[in-house]
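In the part that follows, the structures are each spelled out as structure tokens.
What follows is a pair of complexes built around chain A, which joins chain B in one and chain C in the other.
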Partner chain A sequence: MRHLASIIVTIAASVLASALAQGPAPDAIAIPAGNFDTILVIDEATVAIEAFALSRTPVTNTQYLAFVQDQESWRRSEVPSVFAERGYLRHWAEDLELGDETAAAPDAPVTNVSWYAAASYCDWSGGRLPSEYEWEYVAGAGVRGDDARAAQLFRWYSNPTASLRSVGTGEPNPYGVHDLHGLVLEWVEDFETVLPGEDEGTPFGIACGAAARLLAGNTLSDQLSLMRHIVRMNFSANKGTSTLGFRCAWDVALGGVYAEGPR
Partner chain B sequence: MKLAAIGAGVWFVGLALTFAIALALAGARSETVDHVAGTHDHAHDNDAHDHDAHDHDAHDHDAHDHEPLPLTAAVDGSIYHLDHTWRDQHERSLELGAFAGAPILVTMFYGNCQTACPLLLHKARLLQQELGGALAVVAVTFDPVSDTPEAMRHYAAERGFDSDAWHFLMGSPTSIRMLATLLGVQYHRRADGHYDHSNLIALVDADGVIRMRTEGLSADVAPIAAEIERLDVLTH
Partner chain C sequence: MTHDSRHVQRRLVRVLVLVNALLLTTSAAGQGEFEIDGMIFGMPEARVYVDDYDGPPVVGDTLTLLPNIASLDYEGNTTHAIRIDTFVQEIEIAPGVRYNAWTYGGAVPGPVLHVREGDRVVFTMRNRTDEHVVITEPSSASPFLEQLATSDYQQAETAVAPMPHSMDFHAGTVAANDKWRSIAPGETIEFEWVANYPGVYIYHCGTPMVLMHTAMGQYGAVIVSPRDGFPTDDRVDREFVVVQSDFYLTSGGNGLQQFDAVAAFDKKASHVLFNGHRNALSDAPLEANAGERVRIYFLNAGPSLTSTFHVIGAIFDVVYYEGSPENVQRGMQSVLLGAGMGAVVEFIVPEAGEYYLVDHEFADKEKGAVGVLRASPRTTN
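This part shows the complex of A and B:
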């Protein structure tokens, strides 16, 4: 029954996205509403997450190729530097040709994409980038409170340069979402929310070293989340890296059809 | 067997619900476009009728060229590459490129903000007045749900931001976040519906390049005024 509800919402996400988007229907997983205990408290420790749908895997080179085929202004030779600096899609052979590099394999996650490019891809597909809270909410499933799993992820963080495999080939998390850990880092919609700020009057002025004081728990999985926040401080919205990809999210408002939590 | 029947029933209802919502949304989207076109004249009728003194303003609005800047004409670092569609307080659709050709001030705020935002907009107004009042100010809301064109018209009228030079823009959440990121504005929606946000005024030149940013309510805006004068803003 729970599985059926999940399928229904997944289809709903696809149909809704198709109705609203220019891009292809997404391969999305329904994520139920719930509460999330964030480790970096901006205004409250427990955050309510509304139901949404999330890409089952990171966006692949093939999927991104379809985007730039349709959207000329996002091709490598056309994109303005304000949206993507040199290095954008550098692992591809040409504007519309993936080429032979391992990282350019059709089913590998697309990397070397800026935040603007990622946000525009998701907009094109009728969705958006997931918020940081949404991403952490899903990524925490099966990790929080599991020190063995968290230790495994620390090992990945300490050696993230292994060649990129195809998306979706690892074990899914309890929601059925693949590759949240172990493949690439991922852009989130509000990645700049917690950054060193210049404005003395905002809550955003959290320097790198000071972020640890906001760490509510002291579990390995909380420290993993903290590391992600700190790493984000080094990112610029118009720069990508070879280990940074993204996935999309969609708003789905179907009430309590699937409010049963992860499988 | 009974379970299977229930399952099939739920499946059918779910599928029907899915398509109904999808169709409703698809319909709502096309309806919205028509509605905007339909209310455009209506809004101007109201303006003309209710505010006779603003007839001239309404005329100027209509005459104002809001054709988007062709992408090929925008310089590489221009924020006018952001080709998303916005709506202003007069229910017109426009792209940011419509402001190309003269420097503008851009700031971000939201209507229910009772503390920082009024000060921020006041600061933009002081700058504008110092420079003769013709400088366009583009104020983009963080809150497109509450800050409808009608709400923004009221907001502008109540606070005296109702000259032609003031443009209150609403966009999609993605558009708002992308513009904020271009400007360097950080914001975060709180559970109570209010927003934590940077208080920033950006000077954008005629090509759409950000020339200067001032952040913080206590920041000195004199450098922006000096830069605007250097760009010879009032000759446009």
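This part shows the complex of A and C:
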């Protein structure tokens, strides 16, 4: 136990010591404050979202390459497995070379990144990962309550790697944000939030699909949100997959200059 | 809250995530085995780990490809160490209808597991949904892979779709939150269960949204033969396994079909099939001779439709409902099964000819739930 404690302290220290705000100015959209009707009945029915800024697109391979060029400890050959398991950036040719794989295209979203890596990138950019509520607040625009649209988005899961393309090439959502759906899944800051009783097998557990009872409304779009929640929740913070990327958020209190969305 | 304090808070969250990942969690499982009425309960806690396994995705002597069932060539009980990995394959379920299936072992339905009442199963499953897994190369790791190498009727090709998955064996009596828990791509789960009750059981993925995971193909059959056999065992000449399931697909890009969430919620299947292909039991009919007693282990895997299983021209001499020798029904024209239910049916082949297996709910038959048993003339008098 002492050994474990010392590992934790060492790691915690290294996390806290990571670099801050050295990245380029964000390409972000100002998101106005508002109320978010939560998706799960265990939450408060409505939560207030403060104004914040959200990256217009997911982080690309090129952008992430700039990060690891600057931050040696996040290079593929350098990063400790406790922060990024094998498989980290496996679609790249080398530590600092993207290579020829489709997924490694310069403007394609970076994938195969752990939550720690994503969070550190956002630190470096002077921002942070969006919370799940913030992400869903923005992603629900134009989708929530529209079953036909939600059904369309469900189809992405049937063949997720086929839709890989450059970020920002599709239609923006009502806020002016791109690629929240249909490109990659995205990490959020609080991805590991555990539903009450999830581990204890209580009536509120979600093992074997008892999750639908937690939905506030039985719409396809809320099923889609729940599915995202379940998928993210099941990943370990030091793992990534070929369909999991991220984008960053910024507190408006920082005083940055952001594009205004069309809404 | 100031920006600085929020920042510190987020850093602390990150440390907590790390601590959570490093600390072992405990559960109620693993308190030791106990016996009630000759049955074994109280299995050890499931183990989840990461390794480099890239071997055969289906391992075990009694795992077969539909419609085959393995014979149990041992006396009494044994322990089966089996592996069924979960991964994606692009498969055909009808001529010109292909989709990226979420599979167990590379086929839809997955491999048939055959054990005996009282046997123990030590099960291993790696989530390989973020890897390309080839299933069509010959392998002696399981009869399933051997049979697939010669009868790849779904024409499988490798594909990738990373997703957490789990395994729920209805034949097992365990705590679902432990054994049936979800694992992420790259993770492996290992747990055991004892086949306490004979029957024809489904296994399926229990990860939300379960409707989608099962509709995408994650199910299969477990046959638990009774400890002392069925009373008709000595008279059975042929044994087959047939699994019915419903699919909810719509046109997508790249010439592939995709999941239709609206149809799935409305239970409006695009295809209802036996053994995962519209032509599975007509391109390769079940074979028998007139006068023979045929046994079919039939499972309606769903995920959502009922089945009224009927063989045109035959009457079920005996039905063991849900596959228990104690649930005996005689002279049945059909057997009605909800989603996730099974039965053992036996009939005597009346004469040479063709006997169509159908779901007598005809909308489902028209969507593909039909097969054929081809009977040759009687060989003995």
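Methods note: the second predicted complex is superposed on the first by the 214 of 263 C-alpha atoms of A that agree within 3 Å, B and C clash if a C-alpha of one lies under 4 Å from a C-alpha of the other, contacts with A are read in each partner's own complex, and residues count from 1 in each chain.
Operating definition for what follows: a residue touches a chain if its C-beta (ideal position, glycine included) is under 8 Å from a C-beta of that chain, and two chains touch if they have at least 3 such contacts.
Fair warning: this is a prediction, and the values are worked out from it, not measured in the lab.
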For A:82, decide between first (touching chain B), second (touching chain C), both and neither. both
Kindly classify A:73 by the partners it touches after superposition: chain B alone (first), chain C alone (second), both, or neither? first
Quick one: is A:150 in contact with chain B, with chain C, with both, or with neither? Answer first, second, both or neither. second
Who contacts more of chain A, chain B or chain C? C
Applying the touch criterion given at the start, work out whether A:119 contacts chain B, chain C, both or neither, answering first, second, both or neither. both
Under the stated touch criterion, which partner chain does A:220 make contact with: chain B (first), chain C (second), both, or neither? second
Who does A:159 touch here: chain B (first), chain C (second), both, or neither? second
Applying the touch criterion given at the start, work out whether A:47 contacts chain B, chain C, both or neither, answering first, second, both or neither. first
After superposition on chain A, the chain A residues reached by both chain B and chain C are 4, 8, 11-12, 15-16, 82, 115-116, 119, 128, 189-190, 192, 199-201, 237, 253-254
Note: in the complex, chain A contacts chain C through residues 4, 7-8, 11-12, 15-16, 82, 85, 87, 115-116, 119, 128, 147-148, 150-151, 154-155, 157-163, 189-190, 192, 199-201, 205-209, 211-212, 220, 223, 226-227, 230-231, 234-239, 241-244, 251, 253-254
In their shared complex, at which residues does chain B touch chain A? 7, 10-11, 14-15, 17-19, 21-23, 25-26, 29, 71, 74, 76-79, 81, 83, 116, 172-174, 177-178, 181-182, 186-188, 190-191, 196-200, 215-218
Provide the residue numbers of chain A that touch chain B in the complex, in ascending order. 1, 4-5, 8, 11-12, 15-16, 18-20, 42-44, 47-48, 73, 80-83, 115-116, 119-120, 122-123, 128, 189-190, 192-193, 195, 197-204, 237, 253-254, 257
Please give the residue numbers of chain C that touch chain A in the complex, ascending. 2-3, 6-7, 10-11, 13-15, 17-23, 25, 27-28, 50, 99-100, 130, 159-164, 166, 168, 175-178, 180-187, 206-212, 216, 250, 252-254, 256-262, 265
